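Consider the two complexes below, in which chain A is the common component and chain B and chain C are the respective partners.
Entry: the complex of A and B
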């Protein structure tokens, strides 16, 4: 038996294994995406967002978010009611997130009783001046990237699988991303974003994980802009899942007059 | 607003805020503006010099909620008196598929960006022209709004018992052109006569709206009066300017298309005191349409463009009347082009904003520009300018041509 003949099945195995690994990576990213963005069928949370710029100056945002999953891993609706700062208090914001088409976004400014749609072609733009992008808030669909498992590791003693993802279509916001996925909860504990030169540009960290109604939930998350400096910390409180939030909540009617049963004051 | 109604509203507000633990927030603001035109006939070089304290009270009950927005304001440029303006004081309740909003409130609908065809709710151009916040372009109305959400289209009915006119430059801090005297006036308000308080003189606005694919489609109806004093009563020399009767029928469409937002709106203005166009003292009926498009060109730069056309009906009669009176005659089809540019800089803390209204047919232009910096969550500093120009002093913006001004504003929110 020649070396070549020996190598052939090995090569075959390698190819087969890598295909299997890729399938696993896709499945893993899907599970992770569902765990992070599609927990329960719907949910509400109060959010405190602390934005710290590179000079250490802090800004605070407080809002309440509602979410409804129309389809697991597919269309979703988001409703946001702002409390602070004062100049945006009572302002409401709604997103109809579509797995296929562009998201639709509307804003309601109560001081002028004005509902208006806002153009939403840039998912990488900042959400309320923070280091979180719209995509960080509502999720970048796993099918938009190619994924490969690159190894096992631990984050703070928790075993994780490391997945490397590259966007299917070129992006200006990042070239590759490494996700450190907790193998028991599928939650991403870290995400490292790199540019084309392989330089680390952004880091996502799951700071605190709590179990709410049997659903493991990242209740404190942080995004750090490694290049420019500055970070944003988001803390979730008052989380509730499976409230039975109706589809009609995500319409102009409720944009103008908030559903107090979920929003509270 | 009538003094009695004001006191009553204030009592309601106080009662509401005492009864439980209301949520209170608001802002403190200083705004200074200077007129830059030497020819301006106003007796003050300041367009505004005010301190404003806005308080917002909110109370949410299980069945209804109450919201109040009161401004305590002292404007040295306009008056030595301290003023209390109740911008909003309403009760809101949801009853099944009905939503009600009753009381003093701000109302807006339609698709235009700062141009309005079917939105016949009161505007405050005095505030708009001196640099007050965008929210002050809308003047409050005391009204009942009822919305019904169970039909094939969402129905909104707004009844305003007492006519609420637009607030236009009144010769105090901002001058205006008076076509009767043929001069720019800076020492007295335009002598107007408002409609009375009878049921027949109330305002009714109706909208039917629904979603069709990616578009929000709406139909509108309004019956009331022109919101500006565009009519003349030649029998009354003391207050000859009047608000003629008006009905408006219109429709609009808005949605995402062409990589941005697209909107189209049209309306037929039926001048009910001059249906045939024969009366030279009353505005003819008109038909108006607008088209707009907005998109984010790149991150933090958004641009929009609008065109509005307004056609004067019974034009021959109109142009003959204007010629005989030696007055400027508008083109049969008047064009207005507008554009807004918004640029965010420095982690979106600085906002540069520009808005231009340009009418090639009326040959006038109005440009607004501002820079606002969010120094902190609480403190915002802004500067801006308002510039007017026109060839014929009677046109929409040329009337205010001597009011070029710049302003500085500091706001502390809490």
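Entry: the complex of A and C
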């Protein structure tokens, strides 16, 4: 009887502690998500993407991206203007990201002067055939995974919290992910993706972090396909935040006629 | 030397047998290290440009060898139950070890390019989930039929057949995988028919069945030959020696082949089958002589000495000519054929040495009392004798007619040779009722084909393949190649670009064409990638730099002749319509490699055969020290080769690798009878001095041995006619025909010719001093 009496508060403490840890992990992932994908209220950047296949062959893509946050952590709009390779120069691409419904995507094909919606069913599919998925570009909402803090560590001397996430719904792309979050900026410095066998399949690395308009920003990002080989590096330049980009920019009209004030330089 | 060797065998029989057994055990110990190789690619040297290029093509476009699984339901395979079974089967196949999962082509894995409800371009798996209604199933078929990338490949237009293409990590696991896939389709396949085809399965299965055949036909021939010899010589204990000699020769040759690190290829698997008769032939002559003389001398060592003395040169030369025939194969540019030729030659040499030593040694160890009745039986009245006397009298009486008949046969055969069709297809190494042949036939009747060649276009700069001129050229090439009856379909970058354009313009068939400028091509391809199309799929048709493109040419037949036609048509198109500047095209693919090595083989075999024919002729002239005798001795060989190959030409059997290689066997075997016949005839004539007497006697000595040989070898290889593998049947038929034709020519035409020219060839010495009976030792 006495033992049981003693155990009860201990048990309560354990349950409480784990609930607290879970809350912390969720909150941490939310902060990290906002730091990475919702910096400022809007933004622009020039992107140089180097895709290296498993045999070391390189391909280059250059584009400019505009982003507008309609709601912090919620709906967003993206506008992409391609410069290279030269045969896709002037091609534009737009995403209306929705927190509740499926995203919507449109593409403008200049050679035939047509705007077409394109399918957005699979967020885990590759973005312009790089090792980045659509999700890597515009973010995987933190509520889609269950999170747990599994420990503290350091990445290149920077203290990090390690969060392990498992998708709420079964996915084919990964089974678990470990995120190494910088405790001061909330930026993820590393992400390790594992499959069902616990094999490491892909790695995200924040290669360079700079502070732009007081906002810590990962300016060089790398994703490596550990299983098949090959990687993609994206470098951001010309980053600007809080430009006051209007909602009308993200419409079909501007797909055909890119907004000079943000693109034309 | 010959006396020393034979004396040693006669005086120290236990030593001879002991040494032979030790050597045999040493070679037999090599057997566990045997390596089987059935890859027809190895018909070409590893550094052969064609082969290197094929390998490079596979690497550049990340292509794998594949198995083709066919699902056939004549009443329609596009029904929910069949499709859902295919769905589950595909999923299970994906779990098998050695399958390249991401490259599987099946309804549930290939992407369809289509327009969604909102006019959006969608690239997603054709069959995303299980199918519930017939309408969904019909829709699936309509999507395949309307997609130039999938049409005919994934399903037949009538919906009776579905194909799954299973890429595999290496060809040598195809047999295992085919078995595992078979297990899955048996379990989940329902009432549809499932077939497994593709060159890799055929090749790898051949290797597996080859083992069974090797373990079956050689021992079976061995047993039958043994029984026939017991029947002829009526003493099992005496017949044992030749069988031991044959077995040892086989073990020596195969042991050395394995010891020297050579792989056992389709041809070398037949070495035992080739060696047994050749080895037995020598021994039959010795035994025959021993048997026929034993009653006369009644002493083992005298009889044996006499037999070997009289036979030494004929045996030496029959072995040397056989060796010459097979060694000539080493001059062909085909490594497995070289190995085969060299090691048959090694075996023949071993057999010769062993038959001169082990035969007498074993004879010495036989207790005299068990030989008491040996050779006593009267051979001059049996059925064998009646046949022999028939030949003797016919050749004597109708010699003019026989010579005339021979001329006619040569003329008819000469024409037949022009009808020979050079052709090969590893799938056809199996009999028509073999599951692999049935799979091949069924699938190729319904679908675009299980044989794949690649035509690789190379440009001088990146993005060259996006040039509309280059694409239009490629498209023209596709239409041209599709005129060939066996080309079931071609797929290239052109089709992907055209299909995207078509769907982009709302499935407007007027827009189903190639773009007019490079940017548009680039944007169509970009659209493909942006819409969910996989880069891995794209890069099977073009490099990521678009400096090279790969045109898939799918064919319903793998016969080298038909494949050659396709290649020739493509090459002619390239020659007559030069591609845009800076662009070149080259072929790759397994069927293409097969035609390449076949061309090399045919040319190589021709010169090898002609070369060894000349060598044998020179050897004959040296042996008989006479040009005329040398020429006469070549007749059985010439007529045999001509009539067998003419027969092949008349019945339309393709001249394939086994048939080509068998010319060496024909050369080696058919000269033997002439050597024995003429050699012995001249020895006898030296003794008798009377042509009539010599003529009669030759039929009783060499004639009887030859007839025994014909029967033993011809009947001994009848079991091979029931093999499931065509090359083995071919070999069996060849043994039979070589024996029958060269036996007949030796027993009829040679005596007829000698009779016609005997005044010059074997003049009677009645007028000269009659010499002492020959003492030739």
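As a convention for this text, the second predicted complex is superposed on the first by the 257 of 265 C-alpha atoms of A that agree within 3 Å, B and C clash if a C-alpha of one lies under 4 Å from a C-alpha of the other, contacts with A are read in each partner's own complex, and residues count from 1 in each chain.
By definition in this document, a contact is a pair of C-beta atoms (placed from the backbone, for glycine too) under 8 Å apart; a residue touches a chain by one contact, two chains touch by 3 or more.
Small disclaimer: the values here were computed from a predicted structure and weren't measured.
Engineer: Taking chain A as the common reference for superposition, should the pair chain B and chain C be classed as clashing or as fitting?
Structural biologist: Chain B and chain C clash in the superposed model.
Engineer: Is it chain B or chain C that touches the larger share of residues in chain A?
Structural biologist: Of chain B and chain C, more residues of chain A lie in contact with B.
Engineer: Looking at A:91, would you say it contacts chain B, chain C, both, or neither? Reply first, second, both or neither.
Structural biologist: second
Engineer: With both complexes superposed on chain A, which partner does A:124 reach: first (chain B), second (chain C), both or neither?
Structural biologist: Only chain B; A:124 stays clear of chain C.
Engineer: Touch test for A:53: chain B only (first), chain C only (second), both, or neither?
Structural biologist: After superposition on chain A, A:53 lies in contact with both partners, chain B and chain C.
Engineer: Should A:114 be classified as contacting the first partner (chain B), the second (chain C), both, or neither?
Structural biologist: both
Engineer: Between 26-34, 98-106 or 116-124, which run of chain C pushes into chain B after the superposition?
Structural biologist: 116-124
Engineer: What residues on chain A does chain C touch that chain B touches too?
Structural biologist: Of chain A, residues 53, 57, 59, 85-87, 89, 109, 111-112, 114, 116-119, 121-122, 125-126, 129 contact chain B in one complex and chain C in the other.
Engineer: Of all residues in chain A, which touch chain C in the complex?
Structural biologist: Those in contact with chain C are residues 53, 57, 59, 82, 85-89, 91, 93, 105, 107, 109-112, 114, 116-119, 121-122, 125-126, 128-129.
Engineer: Under the stated contact criterion, what part of chain C meets chain A in this complex?
Structural biologist: So the residues of chain C in touch with chain A come to 116, 118-124, 463, 466, 501, 504-505, 515, 517-524, 526-527, 529-532, 534-535, 544-545.
Engineer: Which residues, counting only chain A, touch chain B once they are in their complex?
Structural biologist: So the residues of chain A in touch with chain B come to 53, 57, 59-60, 84-87, 89-90, 102, 104, 109, 111-114, 116-122, 124-126, 129, 230, 248, 252-253, 256-257, 260, 264-265.
Engineer: What does chain B use to touch chain A in their complex?
Structural biologist: 23, 25-27, 56, 58, 60, 65, 69, 92, 94, 99, 101, 105-108, 133-135, 137-138, 147, 149, 154, 209, 214, 216, 254-256, 259-261, 294-296, 299-300, 302, 347-349, 376-378, 380, 411, 413-414
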